[in-house]
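So that we are looking at the same thing, I have put the structure below in structure tokens.
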């Protein structure tokens, strides 16, 4: 089967995508920390990079032929290396996504939604934020909604993820004018207005990376 | 006796002179501290001003009709308010000068030399510095020598003090190119070179004030 | 950035190595995962107190491990909550069979990580309770925020509950005591300068030459307002009055219900300080504040308390819960009853706090 | 200048007032003239230990007054030696009839003021000895300088001689002990930033973003050399090796000869540290240095000592002799024999140093 015609993603596609996520986070380390300096404690980039570099290291060894297992491994790695608020949140997201895809060796486009919904549910359960609290939820929620909508109209994975990425970006920039109600930025009260949420930004970066990978592999 | 013809200085002349010293030190407080920042601990101006303001306060009450006693009172005030290196040194200088002039109600020009020599001896005894160590001694020593020389050739007090003031100034600027061997500046080793000694500067300021007062009162 | 460190990413590890070398009679150190624990752990039959949080607040928490205070402290990266695996391993190491109390400062990251750790420890058959410290009155409400931050009262809570545990209190009693100290404690802080997170390499915020941040946390996060600097007396008054005039504070917290076997939402109320109260007064330096300034603040705090009818019965003045090299201070007042005073006075022997031994 | 003070000229007075309020069980305070003294002074039959110096080095010296350490401490203005009248009044207040030991850091001002004070105290029939502390190896020779400065060894000397006096040593024995601690001690420090003297209102010196001052004193005076910053390990090595490789140090000091009834010049020699020595290791913060950095330094110091055959038998890590808010550190090593170790371990109860009580 040629890549162009592929309608499923393999284990190595997923690993590839995860590796790219590691690179993207690494490249945006300073940027994310910068955002966190303004309304937080200047560590979001360092936190995320520590976690994703640990993932990258694990991915350099051979992995199981189980996409769910790989995602769970990523989740555990994030939980045990990131710390802060983003560690348990992203860790839970990956753990839940992994659980949802347990045993899978290939992904259909629909699996993306299953995993995405599970991940978002994990974040909401763990962090108890709602839409508009100025957190990563503000990027993740519209992204999953866009993914669902696109897939429902029969879009290809890449296309649906592209829509999700655009929605995440809109959600991310949408955090700028609002006041934080969760996380460290909430302590600033009105002073949090005018700044983009770091976690929403890292969420967008991860989703955009998925969309790009999907496009590249013709998923 | 008219002022122009005066060849002696009265108690009130001395008190006047001391008051002017207080003003001069006050006016040069920042400058002296600035000099001390470069090669010391940034307090010489504050120290001197604390002491001379205490003297000014004492001089605002009526004083004994005894120049020696007044100088001793100044010495005790400096000893108990200035602290640091300059406190005991200037304190001793005034105490010794006061002892040398004990009971005097008027000063002849020659008394200046007696007092000056006693003061210098006190400083040398207390601080054990020698000429060229980059201390107040470098201003005081040539000043007393010039005073002696001028008086020996029959100069008036004002004239002799003017010579002393010029010699003190030369001594003071002479501390710039040399390396400190006493006091806090000595810790800097060669880095003390190129800076003017704060204590030599305050000594010059005090002597210049005496010269000015003498000129004004025609002493 | 000028700091006496080697590589930013090694700072916490090397700090712990230094502590292990400096205080072998009081503490031991685990590096993988990172935590500090009592040299004589586990103390059989004693409730084990574990705290932890981001590094950069030293001596808290690692410096409070030892006889009469904490059994273990988990060190996260600078200003970053530690991870559940650290907390779990610490629990295993110091578990003396009488249960584990996790003392958790109320920050989203700390709360979530300690909750995960507690769930994991329960899977290993430990009895665990998490108690939150949330004493920072700079955070006004809990509806529009993540709730009040845990700051100065943490130090007081760790001392007093440590003494309670040492005395043989059971887990319920230690947890109640910790809740009580927290319910009686209020704090507020300010910053004259920012700190610099080593990995970030530059100050978290910039302040003008005559500006301060009022209502600062302990992570270099900006405060609630930026204002012109005032005299020590005026600033002390602002901090003290914010604490003293703060009303009752009610909020919902997540606690484990051992009977139900589940997390439940509990409404807790901290009662306002009132005239006639006896308090432990704590003037804290943020890391870069000289002692002389803390004493000047204590002097004024004493006066304000007196005027407001509060009697300072015990005090602590020094830099105990810090933000790296930040200049600034915080004030904590904790209403203290006889039990709390006795436990405060009980012997303690840790790297950061010591008396009676 | 941003500081938590009111008026610069009131800072020391208000600090002392704060201390009096904070530690009534340990100390009392005289404001006219300014000194801190033991709450239970005079202790009859005990040699009275008095130190003092400029303020801005807190907790030294006022924070070291109390059982097992100093009887009194005279506080000068910031960085300015106190005056003889303070020292005399302090002596009168704490004189227990067994003599007075003035512990004097070797700075021109301190030396002269304490000498005058001793002369005045003798006029009032007290038996007084002045012992100098001069441990700073950054000052190379004593011919071209005012001699080595008294820095970190002061803290160790005050603790150990305090314990000796508490134990009942007579004046000669306490003086000998103090001389011994000093002769066995060596220190060196560095600064990352300047401090700001309150009355001066701006930093004493300016340093570039990547510069440090090596061989700094404790008064914000510039060091011997300015250099590029290096890693904590490298800087620790420079400080430690400067101390360890420093040879015998001989100089003439002024001491009172009780028999002769006059000051005499005495030649004293500090013997270099050598392999096999046991040492008390003291890593000191300059006031604005976070704890985390001090532990990182201690870690490396331990390694260097081990490599050089020195055994660290006791240690002290913290900010005990400071320069206001200066960032930086100093290292002190003191060769310790059994007597010194036992006296080090003896109980001490002061605002700044406490154990065993």
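Per-chain numbering from 1; labels A, B, C and D assigned in written order.
Keep this in mind: a contact is a pair of C-beta atoms (placed from the backbone, for glycine too) under 8 Å apart; a residue touches a chain by one contact, two chains touch by 3 or more.
What you see is a predicted model; the values in this text were computed from it and never measured.
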{"item": "Shortest walk length in steps over touching chains, chain B through to chain C", "value": "2"}
{"item": "Chain C and chain D, separation of their C-alpha mean positions in angstrom", "value": "32"}
{"item": "Centroid spacing, where centroids are CA-atom means, of chain A and chain D in whole angstrom", "value": "56"}
{"item": "Approximate Å spacing (C-alpha centroids) for the pair chain A, chain B", "value": "76"}
{"item": "Overlap residues in chain D, where contacts from two or more other chains coincide", "value": "78"}
{"item": "Two or more partner chains touched - positions in chain A", "value": "none"}
{"item": "Pairs of chains in contact (touch as defined earlier), listed by label", "value": "A-C, B-D, C-D"}
{"item": "Parts of chain A lying in touch with chain C, wherever the complex brings them together", "value": "33, 37, 39-43, 46-47, 50, 79-89, 126-127, 179, 181-184, 186-189, 191"}
{"item": "Chain C residues within the chain A interface of the complex", "value": "33, 54, 76-85, 107-109, 112-113, 116, 138-140, 143-146, 149, 197, 199-200, 204-205, 217, 219-222, 224"}
{"item": "For the chain C and chain D complex, residues of the former touching the latter", "value": "2-6, 11-12, 14-19, 21-22, 55-56, 58-59, 63, 78, 192-193, 209-210, 212, 229, 231-233, 235, 287-299, 302, 315, 317, 319, 322, 324-325, 327-329, 349, 351, 354-357"}
